[in-house]
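For clarity, chains are labelled A, B, C and D in written order, and residue numbers in each chain start from 1.
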Amino acid sequence: MKFEELKGLIEEKVRDLGAEVSGKEPNVIEVKVPREKVVEAAMRLRDMGFDHVKAVTAVDYPNERFEVVYVSSSYSNLDLAYFLVNLRTDLPYDDPRMPSLLEVWPSVLYQEHEEHDLMGIVFEGHPRMGERLLLPENYEGIPPLRKEFKVKTEGINA
Amino acid sequence: MSLEERELEVLIGPQHPASGHMRLVAKIDGDVVVELRPNIGYVHRSVEKLAEVKKYLQIIPLVERPSLADTTANNLTYVMAVEKLLGIEPPPRAQYLRTLLAEINRIHSHFYGMGIHGVMIGSSTAYMWCFGDREPLIELAQELTGARLTYSYIVPGGVRRDLPQGFEDKVEKVMRYLENRMPDYFDLYFNNPVTRARLEGVGVLSREDAIRLGVAGPNLRASGVPYDVRKVEPYAAYPELDFEVVTEEAGDAFARVMVRVREIQESIKIIRQVLKKIPDGPILNEKYMKMIPPNLRKQVEETGRIKFPGVFANLRVPAGEAIARVEGGRGEVIFHIVSDGKMSPYRMRMVTPSFRNVILFEHLTRGVRVADIPAIYGSLDYFPPEADR
Amino acid sequence: MQDLLSLIFEPYVFVPLIFPGITVAFLLLLVIIWLERKMAAKVQLRYGPLYVLKPLGGAIQMVADLLRYLFQEPIIPKTVDKLAFILTPALLFGMAYLPTVAIPVSPTFYAFRSDLSLLIVLALSTLAPIFTVVMGWASNNKFSLIGGVREGYIVVSYEIPMFLSALSMAVLYGSLDLVDIAEAQKGLWGIFLNPVAAITMLVLMYMSTSKFPFEIPEAESEIVAGAYTEYSGILYGLVMGASYVKLYVLSLVFSILFLGGWNPVPGFMANDPLLPGVLLFIKAFIIIVIGAFLRAVYPRFRIDQAMDLGWKTLLPLSIISIFISLAEVMIMGGA
Amino acid sequence: MAVERTIRHIKALATGAKYMLGGHRLTLMYPDDVQEFPDGYRGMIEYDWNTCIKCGLCAMVCPADAMKMYVSKEESEEGKRPVRRPGINYTRCIFCGFCVDICPTNSLKFTKVHDVAFYTFEEQIFPPEKFREGVPKPQYDKKPRRVRAILDERRGIRYEPVE
């Protein structure tokens, strides 16, 4: 399958959700949807054959927004496996919650949990919200992956 | 007696001979596992956060550390993502050298996994053999890169060192040695009726579940999904090499081991091709080669060891996003880098195969026996530090 | 002095204290654990214990280990049942060693002669596992408990077929007296008369002493060390030694039942009451060494597979072996 | 099935026996034997005081903050301004060799030394004055035999003494 062709196909599928579809040659297709529509968009992508998620990346733009990126691709259809479809959604900075995609892609179980743990994003409907994954159980404070969590660095001088 | 009282909660690890650096919380009823939850994070080292304060080149050793047995995969994936942002390509010889190291690493990573699996089901010989036979491969890698495991060999634009003198002969000897040894592995371990009894039909992962759960690497291929990044999105020198994607249909613990064994055989094939086809030429991108001072450039040509251009110390990467994926020994490694044009990534997401496979602990252990826990654990080639990152 | 020496060579002193009793059992323990590690190391392309007495390949490694065990602090956790926790290792070791008193050294040298000595040995050897179960209970540790229960399950699946295959030989020789049994094999050994019984008995012996592939009650990667998890110091030394001593006892019985005991006695040994015992020991030693060698070859079975093997394969085989014995007795009119 | 299983048992036992009687071993008897490493081994680092141009690239590229620029006392006093030279902290060094590869004057070099023991934490910090004196010698109980790893198609790896 050609890149442009697939991009067109996806665009057609998710246009009515208010999605912006763009692409990065040769194989990355970006689908940006509002957070209310993210489950629906994910379902349509899954039904197209994008059957698993490789990575869930949450990015923190301080005082502006959070961006959550689901990097999905296909195992069952090896023609699609070459392509990566990034399903993106923006979350307001003061209310970082979004519906969990666990129902659509069970493969996000640990990935969403991790982003919850380290970035403080709440995935509604995920059964393990509020539990710690990588951090110690008694950790309190700023989620460490947020930009306001500062890591001390040393200079080059002793 | 109510059902709750029948259940015994057993905490396997982190201080347990076969748990690795993690805790498995098992609820067992008699000898049957009712539920098992992996409790990961014991060796979490916050690679993603540290990457935000380290410079691009400094991240190379950082991303290698979590998966010590399979460092090349992480190194290569990270550098590929950075190269995508930089918009540079390594020269062909460097691509072949990357492939060579990746395959050497794949073999010894598989040996590592099979060895640990062996001792988990009680075969100390499988463990010792695998770890012993890893040694010649590590010796090869050491000669090529200067280090046993943490190679840091692949840098943006190329690789750090050229083939040493007489390396081809040594590789060929080791490959022959591995081929000579394989029948004994089969006789003593893989075909041992006790091994078969312990692994066949244990921890069966169906094709649908493997896809649904987004499993990676040999565990996926053992369930009959012929997904291999080397074929799906070929990188390095793989487009020019001839090899097969190994799959098994059974999806049980034994199939997962067999995929690894057959991948070792494929890797031997690949390594031979690499050494036959490797082109002459530089091993670092021209752009960086030109930045090396002239007197040092001469030295580089003589010794075959790259000197870094000064720009490497504070490498600036154009703003943008890049995703790179590589088929490492344990499976698909993903790096998602968001750059804002500064000297450190704005956000680096590192998804390792072990992290994607951790979901299998919950899925595969329902209703198995207590003794099957290590048999399944080992068959996943799961490495806790790699999952925790 | 002379009196003391002759006292030592009195059978009722010599058998329990020297051979096959505690002294030889103890020396064997030191040698066999070293040899086991050494053999496994050889198969595994390495050296094994080496640096304690290097010229002999680290032969006295176990002496060093024993000293370590002796001087290591035996930690007794607060939550254990103290009496049971401390007593069981000693009882386990004692019970494992006790059957040696009923084993004859030669046709004329034994602590006591009973026409039921085979039964005495087998009966005494079945007592030891009870203490493993007690240990698992007394340790107040989940892994110990699982280990103890596993031992209990294993016991019921090896004991019956082992008795049956041993008794099939008693049927064949028409006696339960170990001296008679050994003497009956002056010509053909029992292993050739009834190979089915021999193989069954051999496998079950290894099963009863937790040799690979039946190292299930203390499976390290599953339940840490099973019933022995909480033990340290000399207490652990005792429990570890117990299974080897049990293997030693059963190997002696196996040699008498199937390998002709001290037969055939060479001419120069014939007049001495003790020397035939050396032959018996060598045969038993070979059986122990084979058991130790299995560690290097096999992984371990799952407990249900081991029980499967015990009940569904070895039990029928041991019953068949009784019929084989009966048939042979009928044909030959008694051996 | 049963027959096949029996054959497999026999094969497994025979293979075990074959190795038990064979002479194949992979152990390197450290510290009786000490391996001589191939050229380019990334061991502890040597510093050439005279060729160093004090550019600080090594400290900049160091991923573990092990290489740092220390004020070199004597020179600073002489020149009335702070002069900084590299020093290394081996409690942090991860032997990636980036500093050696980036050094524009080859003032930093790899040695093959890696097995040095230190008594204290502080001893492992090598400020420039100590750094220039070269790497410490490993201490062995008795003089070890130097061996080289030879890759072998029958035995995998064997260690041969180096003259």
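The rule is simple: a contact is a pair of C-beta atoms (placed from the backbone, for glycine too) under 8 Å apart; a residue touches a chain by one contact, two chains touch by 3 or more.
Everything quoted here is computed from the prediction, not taken from an experiment.
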Query - Best-connected chain pair, where connection means C-beta pairs in contact - result: B-D
Report task. Report the chain closest to the protein's overall CA mean, measuring from each chain's own CA mean. Result -> B
Report summary line: The distance between the C-alpha centres of subunit C and subunit D, rounded to whole Å, is 49
Query raised in the report: Distance from the CA centroid of subunit A to that of subunit D, rounded to the nearest Å?
Result: 42
Report summary line: Whole-Å distance, C-alpha centre of subunit A to that of subunit C, is 62
**Report entry** Of all residues in subunit D, the ones touching two or more other chains
**Finding:** 12, 15-16, 19, 26, 60, 62
Requested in this report: Find every residue in subunit B that makes contact with two or more other chains and list them.
Outcome: 125, 132, 188-189, 192
Query - Two or more partner chains touched - positions in subunit A - result: none
Query raised in the report: Touch graph of the chains shown: is it line, ring, star, complete or other?
Result: other
**Report entry** Chains grouped in pairs wherever the two touch, ordered by label
**Finding:** A-B, A-D, B-C, B-D, C-D
Query - In the complex, subunit A residues that touch subunit D - result: 154, 156-158
Query raised in the report: For subunit A, which residues count as touching subunit B in their complex?
Result: 24, 27-28, 51-55, 57, 59-60, 69, 71, 75-76, 78, 81-82, 84, 86, 105-111, 114, 118, 132-136, 144-145, 149, 151, 153
Requested in this report: Quick one: which bits of subunit B touch subunit D in the complex? Just the residue numbers, please.
Outcome: 54-55, 57-62, 125, 132-133, 135-136, 139-140, 142-143, 145-147, 150, 152, 160-161, 164, 170, 172-174, 176-177, 180-181, 184, 187-189, 191-193, 196, 293, 296, 299, 305-308, 310, 312-314
Query - Residues on subunit B engaged by subunit A in the complex (per definition of touch) - result: 40-41, 44, 46, 48-50, 52-53, 210-214, 220, 225-227, 232-233, 321, 323, 325, 332, 334, 336, 338, 346-347, 349, 351, 355-356, 358-359, 388
Report task. Sort out for me which residues of subunit D touch subunit C in the complex. Result -> 12-13, 15-17, 19-20, 24-27, 29
